[in-house]
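Chain naming follows the written order as A, B and C, and within any one chain the residues start at number 1.
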Amino acid sequence: MSTALAEAVTPFPAGSAEPLVRLDGIHTFYGKSHILHGVSLTVAPGEVVGLLGRNGVGKSTTLKTIMGLVRPSQGTVRINGQVTTGLPPHKMARLGIAYVPEDRRIFRALTVMENLRTGFDRAGVTDEKRQTLLDKVFKFFPVLAERRNQAGGTLSGGEQQMLAIARAMMLEPKVILLDEPTEGLMPRMVSQIHTIIDMLHAEGVAILLVEQNVPLTLAASERLYIIEKGAVRYECASRDVDANHPVIRQYLGV
Amino acid sequence: MDALSHFLHSVPLDLFIIQTVNGIVAGMILALVASGLTLIFGIMDVVNFAHGELFMLGAYIGVVIVAMTGSFWLALTASALIVALIGAGLQIATLRPLIGRDPLNTILATFGVSLILQNFALWEFGPTVRRIPEPLGTSFTLFYLQYPWYRLFIAVLSAAIIIGFWLFLKHGKFGVWIRATAQDRIMAQAMGIPVPLVYTGVFAIGAAMAAASGVLFAPLVGVSHTMGLDWVLKAFIVVVVGGMGNLAGSIAAAIFISLLESYATIWVDPSQAVIVSFVVLILTLLFRPTGLFVSTPK
Amino acid sequence: MTTVPLEKVRPLGKARLSHTAVFWIGFCAIMALLIVAPLVLPEFWRRFLTEILIWGLLAMSSDLLIGYTGMISFGHSAFFGLGMYGAAGALIAHSPPNLWLALFFGLAGAAGAALFVAFFSTRLRDIYFAITTLIFSQIFYVIIFTWTPVTGGENGLIFSRPHLWLPFLYDARFTSTTMHWFVLAVVAASYLFLRRITQSPFGMVLQSIRENEARTRAIGYAVERYKMVSVMFSGLFAGLAGVLYALQNQFAAPDFVYFLTSGDTVIYNVMGGIGTLVGPIVGAGFFQLVRDLLSRFFGDQFPYLIPLGMIFIVMIIFLPQGLLGFARRWLNK
C-alpha cells in the first residue's frame, strides 16, 4: 500500500552533500516499550524538514534521540558525518544542535535574560558577539526585550514559546529541533510561529519540525517525513502534497 | 498566663541577651553549614550524610595549617580549597556512578563516606580534642562577661560568605548554570550546560562552605572526630525546617533553631538542649512538612 | 542502563513448590550446622557466632522496612537499645533475675519506642523517614546518656544473667553453649515468623507500597496503617535482638543506642542483600568477620571502618543486590 503511494509521488532527490543530521536505523526503548523501530532520516544544512504523524508514534522521541536525551539501543546519529550516538546532550548542544521541547521547558524562576544566558554563557562568546546575538533575538521578539527582567514563568504561553526559541537561538545552532511549537497557542500565534520559522530559515538555520498542524507544516517545510508506529513510512517534498493528499489522509486523517 | 509571665521574669534580662548573642553566632555558623547541604540537595537530590564530616575535616585541616603556619586566615582559605577538592573527588568517585538510581542509594553512599572520613580523622588525629587559638584576642564587656570579639566576627564573616555565595548564584555564570540545573536538569543539559560538571562543582562548593564553617567554629569548642554527626543532624533539621532546597529558609531556620537551643540552655544542660531542635523538626514535619520558612507552594 | 536499580533486585515474594522443598532442606541443613557449631568451636568463635546471630536478627528486623516496605531506618539503635535497657531494668529490679521478665520488659521498651516512631515518622517518605528515625534514636540516646540515676548514664548498667528457665522443663545456669542454642532458637523462630509476614497478603501490601506508594493508596489500602504495623514489627524484633545482646553480655551501654549501631545495621543489609531476610545475617557475618580479621592482622587500633566503608560503597555501586543476591545470581547461571 505504502509502496504504491510512494511511487505516486516523486521523492525528494537525495542531496549529494553530507547531510547536517543523519539518522540510520534508530531503535529506541523507554524501559521495555519499543518506541522507535529503525528510524532513518536526514536534514540538509539550512533545510526545513517536517516530521508528521499521529500522537505517540515516536516523533518527539526521534528529536530526543538526536539530542542525546535518550540513548538508542541500535542505529547511529551523525552530525556532519561525525557519529554522535551516545554523546550527552550538552555536547550535542555544542555541536550546534538546539532543542525546543514540546512543553517549552523554559526555566520558570529565571528571568528572561537569565534564560537567554544559559545559551550564550559559553566558551568563545565575546561581549560583542553576545550583544549581536541579543540584538538579533530582541529584533525577532521585541516583547522579550520588554520583559527581560521578568521571571520566565510569568510570561504567557506564546511568549514562553518565543523565549524557548530565542533561548535556542542563543546557541547559534546549525539546526533547531522544534517540537510542536504551536501546541496550545492561539491561532494568531500559529501564524507568528510560521513567520519565525521562515525567518530562521532565511538565517540559514536548519529546522526539524515536529507538528500536529498539517497545513502549517506543509507550508513551512521544504521536505517532510511521515512517521507511523516508530518508523518513517513516507518521505516527499512538501510542495508535492496538500492536506487532502491520500498519504496525508492515510497517516494523519481524522 | 500569670505563671508564664512569672516564668519569663525569672530569667534575668542580661542572661537573655547573652544567650541571644550566642544563639545568633551559633546560628550563623549553622547557616553556613546548612546552605551547603541545602544546595547539594536542591541541585542534585542528594542528601549528603557526609556533610558533617566535611565540616570536621575542614576544622582538622585548619588545626594542622594553623599549627604549621600560625595564620588563621591562611588556614581558613586553604582548608576550604582542600576540602572542595576532596569533595569533588568524593562526588566523582561515589555519587556520579549513582546518578539515575534510587536517591536512597545516595544516602547510603554518603553515609559510607562519612564513616570513612570519621575513622580516618580518629586514626590520623586521635581521640583528643584539638583547638585553634582565637584569631582575635580582644574582647568587650557584655554585662558580667568578657565577650570575645571573635564570636561576633564569626557571625559577620559567615554572613559575608553566605551573601557572597548568594551574589554568585544570582549573577555568576556558574550561578545561573546552577539555578537552571536545579529547575530542569534535562533542559539545562540540552542548553549546553555540562550538568555532570555542575554537580561536581556544587558538591565542591558545599564542601568548601562546610570546611570554612568548621575552621570558624574550631576556636569555640574544639575539634573532635565525632563532631560530624551532631552538625549534620542540626543541618538536616535546619534544611527540613527551612524547606528542602530553599536557601533563605535554611538561613532563617538556622538562626531560629540556634536561638531556641541557646535559650534552652538557660534551664537545661547543653547536651539536652538539642532535644529542642528535634522537637521543632518533629512539629514541622507533622504540621508543615514543606518547611516553616517557605510560603505554601501553589 | 548498566546498573541494577534497588527495586529490581528484590525477589518476588512468591515461591514455587519445588522452591519450598529446597528452602526447607537448606533451612534444616543450616540449622543443623548452627546447632552443632558450639560443640566443636572454641569459646571465642562460639561467642562470635552467637553475636553474629544477634546482629543478624537486628539486621533482619530492619530489612522488613528497607527491603520490603522501602523505608530506610537509621534509627534501629533506639529499638535495640530500649530492648537492651528494658531487659536490664527487669533483671536488676527483680530478684532473682528472670529470663521471661527480661524478655517481656525488653520487648515492652522496644514496643514503646516503635510506637513513638511509627506514629510520627510513617507519614514521611524516603529521606524524611531516614532522617526522622535517626533523630528519634538520638533523642533516646540523649535521654539514656543523661538520665544517670536510672540508666547509669555513660557507664551503663551491669547485671547478672538469669537462669535458662523453661517452666516445668529445665532450669540451669546459661553456659555459652546453651546461650548459643537459646539465641539460635529465638533467631530462627523470628526468621520464620518474619518470612511468613513477608509472604502473607500483608507483606504483599508492604511490597506494593515500596514499588508504588501512591498507587497502593489509590487501590484503597490504608498505607499509613500498614507502614505503622511494619515499623512496629521491625521495632519489636530489633528489641528482641537487644534483649539477646543484654543476656549474652550482661551489660547495657549507651553506645548501643548511638547512631553507629543503626549505621552498622544498614551496612549489614546492603552487604548481605536487601529484601532477602537471610542476606542481612550473611552481611552481619561478613562485616564482623572482616572486622575481626582486620584487627587481628593490624591490631586493635586499626580503623577497620575505613576499608569496610570502602567495601560498602563499592557494593552499593557495583553490587546493589548484596552478597546473597550476587551468590544467587551466580548459582543460577
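The working rule: contacts are C-beta pairs under 8 Å (C-beta built on N, C-alpha and C of every residue); 3 or more make two chains touch, one makes a residue touch a chain.
What you see is a predicted model, and the numbers here were worked out from it, not measured in a lab.
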Maximum centroid distance from subunit C, chain identifier (CA atoms): A
Most centrally placed chain, judged by C-alpha centres: B
Euclidean distance of C-alpha centroids - subunit B vs subunit C, Å: 32
Intercentroid distance (Cα basis), subunit C paired with subunit A, Å: 55
Subunit A and subunit B: spacing of chain centres that average the CA atoms, whole Å: 45
Residues of subunit B defined as touching subunit C within the complex: 47, 94, 97-98, 100-105, 107-109, 111-113, 115-116, 118-120, 122-123, 229, 233, 236-237, 240, 269, 271-272, 274-275, 278, 281-282, 285-286, 289
Complex interface listing, subunit A residues touching subunit B: 67, 69, 88-90, 92-94, 98-99, 101, 105, 107-110, 114, 117-119, 121-122, 167, 171
Residue numbers on subunit B that touch subunit A, as the complex places them: 173, 176-177, 179-180, 183-184, 186-196
In the complex, subunit C residues that touch subunit B: 3, 5-7, 72, 74, 120, 123-124, 126-128, 130-132, 134-136, 138-139, 142, 145-146, 259, 263, 266-267, 270, 301, 303-306, 308-310, 312-313, 316-317, 320
